[in-house]
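Here it is: the structure, laid out below.
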Amino acid sequence: MVKEKYMEKANVLIEALPYIQRFNRKIIVIKYGGSAMIDDELKMHVIEDAVLLKLVGFKPVIVHGGGNEISAWMRKTGIEPQFINGLRVTDADTLEIAEMVLGKVNSDLVTMAQQLGVRACGISGKDGRLLTVKRAKPGMKDIGFVGEVTEVDTKIITDLLNDDFLPIIYPIGMDKHGQSYNINGDHAAAEIAKALKADKLAYLTDAPGVCTDPDDPESFISELFVEEAEKLIDEGVITGGMIPKVRNCFRSIEGGVNRVHILNGGIPHCLLLEIFTDRGVGTVIMKDGVKYYNRERSE
Amino acid sequence: MVKEKYMEKANVLIEALPYIQRFNRKIIVIKYGGSAMIDDELKMHVIEDAVLLKLVGFKPVIVHGGGNEISAWMRKTGIEPQFINGLRVTDADTLEIAEMVLGKVNSDLVTMAQQLGVRACGISGKDGRLLTVKRAKPGMKDIGFVGEVTEVDTKIITDLLNDDFLPIIYPIGMDKHGQSYNINGDHAAAEIAKALKADKLAYLTDAPGVCTDPDDPESFISELFVEEAEKLIDEGVITGGMIPKVRNCFRSIEGGVNRVHILNGGIPHCLLLEIFTDRGVGTVIMKDGVKYYNRERSE
Amino acid sequence: MVKEKYMEKANVLIEALPYIQRFNRKIIVIKYGGSAMIDDELKMHVIEDAVLLKLVGFKPVIVHGGGNEISAWMRKTGIEPQFINGLRVTDADTLEIAEMVLGKVNSDLVTMAQQLGVRACGISGKDGRLLTVKRAKPGMKDIGFVGEVTEVDTKIITDLLNDDFLPIIYPIGMDKHGQSYNINGDHAAAEIAKALKADKLAYLTDAPGVCTDPDDPESFISELFVEEAEKLIDEGVITGGMIPKVRNCFRSIEGGVNRVHILNGGIPHCLLLEIFTDRGVGTVIMKDGVKYYNRERSE
Amino acid sequence: MVKEKYMEKANVLIEALPYIQRFNRKIIVIKYGGSAMIDDELKMHVIEDAVLLKLVGFKPVIVHGGGNEISAWMRKTGIEPQFINGLRVTDADTLEIAEMVLGKVNSDLVTMAQQLGVRACGISGKDGRLLTVKRAKPGMKDIGFVGEVTEVDTKIITDLLNDDFLPIIYPIGMDKHGQSYNINGDHAAAEIAKALKADKLAYLTDAPGVCTDPDDPESFISELFVEEAEKLIDEGVITGGMIPKVRNCFRSIEGGVNRVHILNGGIPHCLLLEIFTDRGVGTVIMKDGVKYYNRERSE
Amino acid sequence: MVKEKYMEKANVLIEALPYIQRFNRKIIVIKYGGSAMIDDELKMHVIEDAVLLKLVGFKPVIVHGGGNEISAWMRKTGIEPQFINGLRVTDADTLEIAEMVLGKVNSDLVTMAQQLGVRACGISGKDGRLLTVKRAKPGMKDIGFVGEVTEVDTKIITDLLNDDFLPIIYPIGMDKHGQSYNINGDHAAAEIAKALKADKLAYLTDAPGVCTDPDDPESFISELFVEEAEKLIDEGVITGGMIPKVRNCFRSIEGGVNRVHILNGGIPHCLLLEIFTDRGVGTVIMKDGVKYYNRERSE
Amino acid sequence: MVKEKYMEKANVLIEALPYIQRFNRKIIVIKYGGSAMIDDELKMHVIEDAVLLKLVGFKPVIVHGGGNEISAWMRKTGIEPQFINGLRVTDADTLEIAEMVLGKVNSDLVTMAQQLGVRACGISGKDGRLLTVKRAKPGMKDIGFVGEVTEVDTKIITDLLNDDFLPIIYPIGMDKHGQSYNINGDHAAAEIAKALKADKLAYLTDAPGVCTDPDDPESFISELFVEEAEKLIDEGVITGGMIPKVRNCFRSIEGGVNRVHILNGGIPHCLLLEIFTDRGVGTVIMKDGVKYYNRERSE
């Protein structure tokens, strides 16, 4: 009986072996946001996962938002948050608060990672000119200091990775004239992943991955090639709000990322489970022609 | 006449030559604070100076405070700033604001430096575990989350310098348990300079250097060895508030720094003028036995 | 329920985190022999463990024997094996067979490791002059070509480790005149571990570690400092054949190894379980003063 | 008279100068086999030559067989050797013996080289996945575990060369499933030379090079370009068994080797003499267009 | 008033900032000759300029002649100097003197540079086979040992630059047979600059740059693109002896140099003034399409 | 018979093997002067030897004089050479000529070495501040610009060796004020060898090494330890002018050189023969305790 428990433990580690091997020294960009950022325990689990990935040889890069806290601080100073098409209307005061709050959230994540024994370095998209932006005009509307990434200078990230740091990034960038801009976190993560030619881009979302039955989170599809995903859209299996999400993944893949993961951030340690177990806990969308991911397919 | 103007220009550059040569690849820690942080033009000049020092081969490291803006933001959210012995009483709310405001000030300095063409990276004392602290108890009084530096891990700074970044640091550290603390900027700068065995530590203050006549800012003493400075204290030339400042410099020098400069931050480009001209614009205190600084002595 | 299974898996990985972190880039010499070499499944598990250790950042070095197969081949060619004090009497013919059989066993282990995805390189103690020996004369008796290690040249191992290979070593050495000698595997492993200043030396034996109750393999002591071990010998807790084994460990520790593990090679994945779980599955003997190993102590 | 002897010695060294210079840091793959492997003195001379080549700046790589000893050991264990078209029929038992014997021969060559002061490292085609093979089916006949090379991974050789080792290789490889195979030595050497883009591939054979008069070993042709060799075949100067040998050389040259030497292994120090003297002692076949070898042509 | 003087000094340094930044680590080949070589003070200023350029991050390479001194020494040994089309007729005796005198001038420049604190290394075009030449036959006339550069091997220069030396070069080269040749200094400098893909090639001449009014040295044109220069030739603004000079610059630019400067060597510190001030003191001719040089244009 | 000739050639190369091996990557400083500099053929042989030594892995450094040519040029310009105690009286004019002539001789040696296929770089003791000197006052007499070495900065030599150049040095140095000085070649070579901790320092002289019978050049002693040499002086075997020479060697050995060779420069290829044959052609004086040189001793 004791031996059984032993063997179970050993088997979990051994099950991880081929994945550790395959993704050794690969870059994984983790977009961290949503409800996984609110629950303190989930937050710790995400950071634990990133640290473990780093220790077993991956090169994780965290990009995070700070949505709830920004709104809270805005209200504290008497400003009512406003959104257009899901993007925060950002006047000068809002920008100042956003920058301060994101910097603070960033600093807290750095603390957590370091308590687990790695060295982390928190940066914004301004440090090392990581993210150069221009003013975004979604649907030709001006929503203030919201930036669209026009250039990514990855030197600061690759330097930090080579120097064995865990980079933790918050999405504030600057334009050619030195003006700061707030950037949508998903957008920033995708641009960074593409510029780094990351092997993986993982989104921690508030939904399971792509499901065949929207009412059953366990019906998520484990692996999808781009071509297959297009077909599922055509066939009406992928529907509604999931369509733009999946199409977004296509763009990252076209830009040079090998695999994009859509994970349910509400599952503790979803990153580890997705990457180190055969079934995973979300959907991975892959470039056509990339070698099979080796886990049991779900259909 | 045209030629005369030419020659003047050339001579300024040529006058700088021996200093550029002597301090090539040397680390200079710049403690930036006081009124030089409020005036926008002075701010730009300080950053220009740091960038020029970097370009001609120095390795500048900026440590800055953010005093005025922290108090302003505290009042915005309804907290009245309080000081004991010049140290800010720092409860949890004050700490949160301090961290956010310093992060924002830091981010602005990064922007300015990068507009001048170098790559900068803004970090706090938490990044890469740069500054480990314990709770400070000045005079056995508890003034909250104010930290005293117990350990400096310079890896993140030396990595950034080797990767050709200009590090800009704000003085927030963490203790062994991951709790954040506010740190006095002068204290942080001195500890960093000692740990780096910096060649120079330059304080931008609101006063000229050490003066023989307190009423005449032009009476500043250009160069002082530790032994001489002790004697001037004994002889009553250095008096009042200047005594603890000078004694502070002694401690940095004992800790391994070669030269500590006390500069009048109100003089535009005081850093350049101090370092690249023969008379300088402040007082440099030097380790006994260090080779003469080569500029005309002031007595 | 599904989530429960998830969490268990995740927890095993997370439990491993501090150990992975602590022993990152550390050298671990694994002496592999005994019954774990006979059972094909156990053999595979040992190699899987070594490969996993390598992938998560350790630098494993395997030293193996080949006892049973040597005797079998001797009999095949008409020679009856003979032992004095546990050392094989080795005439010229026996030496030739030993060298051939060990080479073959080595080659098979290389194959297994490579099937798991790493690059391995099999070497003997002659390659790169790894092990220089002289003729051993245990109790002044001549037992033929049995070598005692007089010099270890670690260049070939450190080169292979730096070039990202898994070194697998069989214990044949040569003397100053180019004569080959058979070497006892435990002896070779200890000398190599000392010369490498390995962090760990792990013996896969046919017994559990040091037990307080010889009849209960679950009574093994998880951690022992040298000083404690001496006391247990004095107090009669450690007795009989375990005394020389433990004393052997002392010598390796004096020679510069930080931790020596005595493991029951009959437990599948005993290496992983020993290193990555809190209780472990054997006894680790540590240098006095080395930081606690962090696992729950056993008394 | 004494001076004359001096001058002779000096002249031999000076004659070698242009060749040492031309082939500095060039890779030379030496296929060592045949009668030069049986005579102990010749064996020592071959190793001396390889060591000297290494010391004067070449990068020699030795590939050897072990024909006679394999058959001898097979008979010792009661198996009668069998050949089809010059390839050894290799059942499982034969393979086991071949692997053991080749490993032992390899180990002896390593010893000899190291007695001469260099560091050598003996490896098989399995180490570092050097040689991946598939089952050879010459003339569609199954002759057992005889491998045909499908892939060469030169990392282990280039790493050993960079780390200043002399690699000595025996021709056992493995297929994708981890099954071992025996490989013909000439075939292995040619594949390795091509994969390394070696400057030279030298075969130590039991015949002089290409001769114009088969009965006069001194009639060997010193240098041949591929085109010339083709013509000599057409003209009937090269005949019989020499034709396939020469055609083999063509294939190596097409594969990227600059020069293939056919040497009489029976001449002591044939390698040195071939490479460091103007006339040489064998035939070198060269890529058309390669610069002349600088030695006096033979016609 | 004191402050004014301060500010002027600071402004000169700050004015230099963008140029230092733009040309950081760029190679600048300085052809040093003419009257700036005769006046001892001018000589010192040229070397000071080169040293300062080196210290602020440029990679200067000096190529110099020695015209006057060669003629003086020729006369000392009883030979009358002779010129055809500005090239020195060079018989064997003249060549010997030229080589000796240039070597001596070179050695003196090395001394001067080193007195200013850098390490210099004086070389000829023969060292490291920097300049391979053939006999020049201008207008099919034989003027003796005057060489035309056929090959530049930059290894020795790039090695010296990487090892932090200031290379100072005199224009003697050798042909394939080891025969030495005298080379025209302008020709040597241009060939070296092209082979190094230097960013800048600066000629210290006895005239101001390209002037719109030949009688007013202050009418020099500060910046010219190749296309513009062609037009000025067509329009008759550039005339006479300046036409071949400018066309020479075109060839260097075609060969890979970005900017060619024509400076009046008679202005003290002309190099510093040209490079670090907005108006400059000579004419820079630039590749079409190269980014604007940023200084105020002169028309 | 043909084979015999083969074997002789091979044997010469093989005889060299242990010496090549022992001195691999070792620095050998060759002081080249005397009659071996006058005879053109001997000159070529010395350079050939240095080139061969370089190609087989040594790091040769040549230091040369130029005695005869300096006097010849002095006379050409009307100055009569004067010597005091073997040192050239050196006024300003003499110094100028010496510097020019040595530079020219140096340049010729560079040419010869490069014709043999290596890259050479000629430098003086001023380049890279190799030799800092003060005015020598032998016997308190002022003999002009003759320098005594006070400091050796080996950076330029080690850089050139690392960059694979053959450094050829002429003995002109400079003092702290930039004044040039002529240096005795033997003195310069010894100081350079000591500063480099050279393995060997070889003097090419006009006499055989230390002889037991002054009338028989074949009676030279092949190997001497310092202690033995002292004894031979006491016993009257070493006498006369050989005593100061031998004592000079002692000083180099005390300064860190392992072996000092005194060679007869009149024997063609004396360097090769001394180093690569068992008897050698001169006397080597060795540090007591250094391992035996391996050649047959001469007694």
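Just so it is clear, A, B, C, D, E and F label the chains in written order, and each chain counts residues from 1 on its own.
Note that in this section a residue touches a chain if its C-beta (ideal position, glycine included) is under 8 Å from a C-beta of that chain, and two chains touch if they have at least 3 such contacts.
Everything numeric in this text was worked out from a predicted model, so none of it was measured.
Colleague: Minimal path length between subunit B and subunit C through chains that touch?
Modeller: Minimal hop count between subunit B and subunit C: 2.
Colleague: Where subunit B and subunit E touch, do the two copies share over half of their residue numbers, giving same, or under half, giving different?
Modeller: On the two sides of the subunit E and subunit B interface, the residue numbers are mostly the same, over half being shared.
Colleague: With chain centres defined as mean CA positions, report which chain is farthest from subunit B.
Modeller: In terms of C-alpha centroids, the chain at the greatest distance from subunit B is D.
Colleague: If I superpose subunit E onto subunit F using their CA atoms, what angle of rotation comes out, to the nearest 5 degrees?
Modeller: That rotation is 180 degrees, given to the nearest 5.
Colleague: Greatest Cα-centroid separation from subunit E: which chain?
Modeller: When every chain centre is compared against subunit E, the largest gap points to C.
Colleague: Using Cα averages as centroids, what's the distance between subunit D and subunit F in whole Å?
Modeller: Computed value for the inter-centroid distance: 42 Å.
Colleague: How many angstrom lie between the CA centroids of subunit C and subunit F, rounded to a whole number?
Modeller: A distance of 55 Å separates the two centres.
Colleague: Centroid of subunit B to centroid of subunit D, CA atoms only: how many Å?
Modeller: 68
Colleague: Touching two or more other chains, which residues of subunit F qualify?
Modeller: Residue numbers touching two or more other chains: none in subunit F.
Colleague: Record each chain of the ring in the order reached, setting off from subunit A and passing subunit B first.
Modeller: Chains encountered around the ring, subunit A first and subunit B next: A, B, E, F, D, C.
Colleague: So in the complex, which bits of subunit E are touching subunit F?
Modeller: 76-77, 96, 99-101, 103-104, 106-107, 110-112, 114-115, 119-124, 126-129, 155-156, 159-160, 163, 165, 172, 174, 177-178, 180
Colleague: Using the touch rule from the top, collect the residues of subunit E that touch subunit B in their complex.
Modeller: Contact set of subunit E toward subunit B: 2-3, 6-10, 12-14, 16-18, 20-21, 24, 45, 48, 51-52, 55-57, 116-118, 218, 267-269, 272-273, 276-277, 281.
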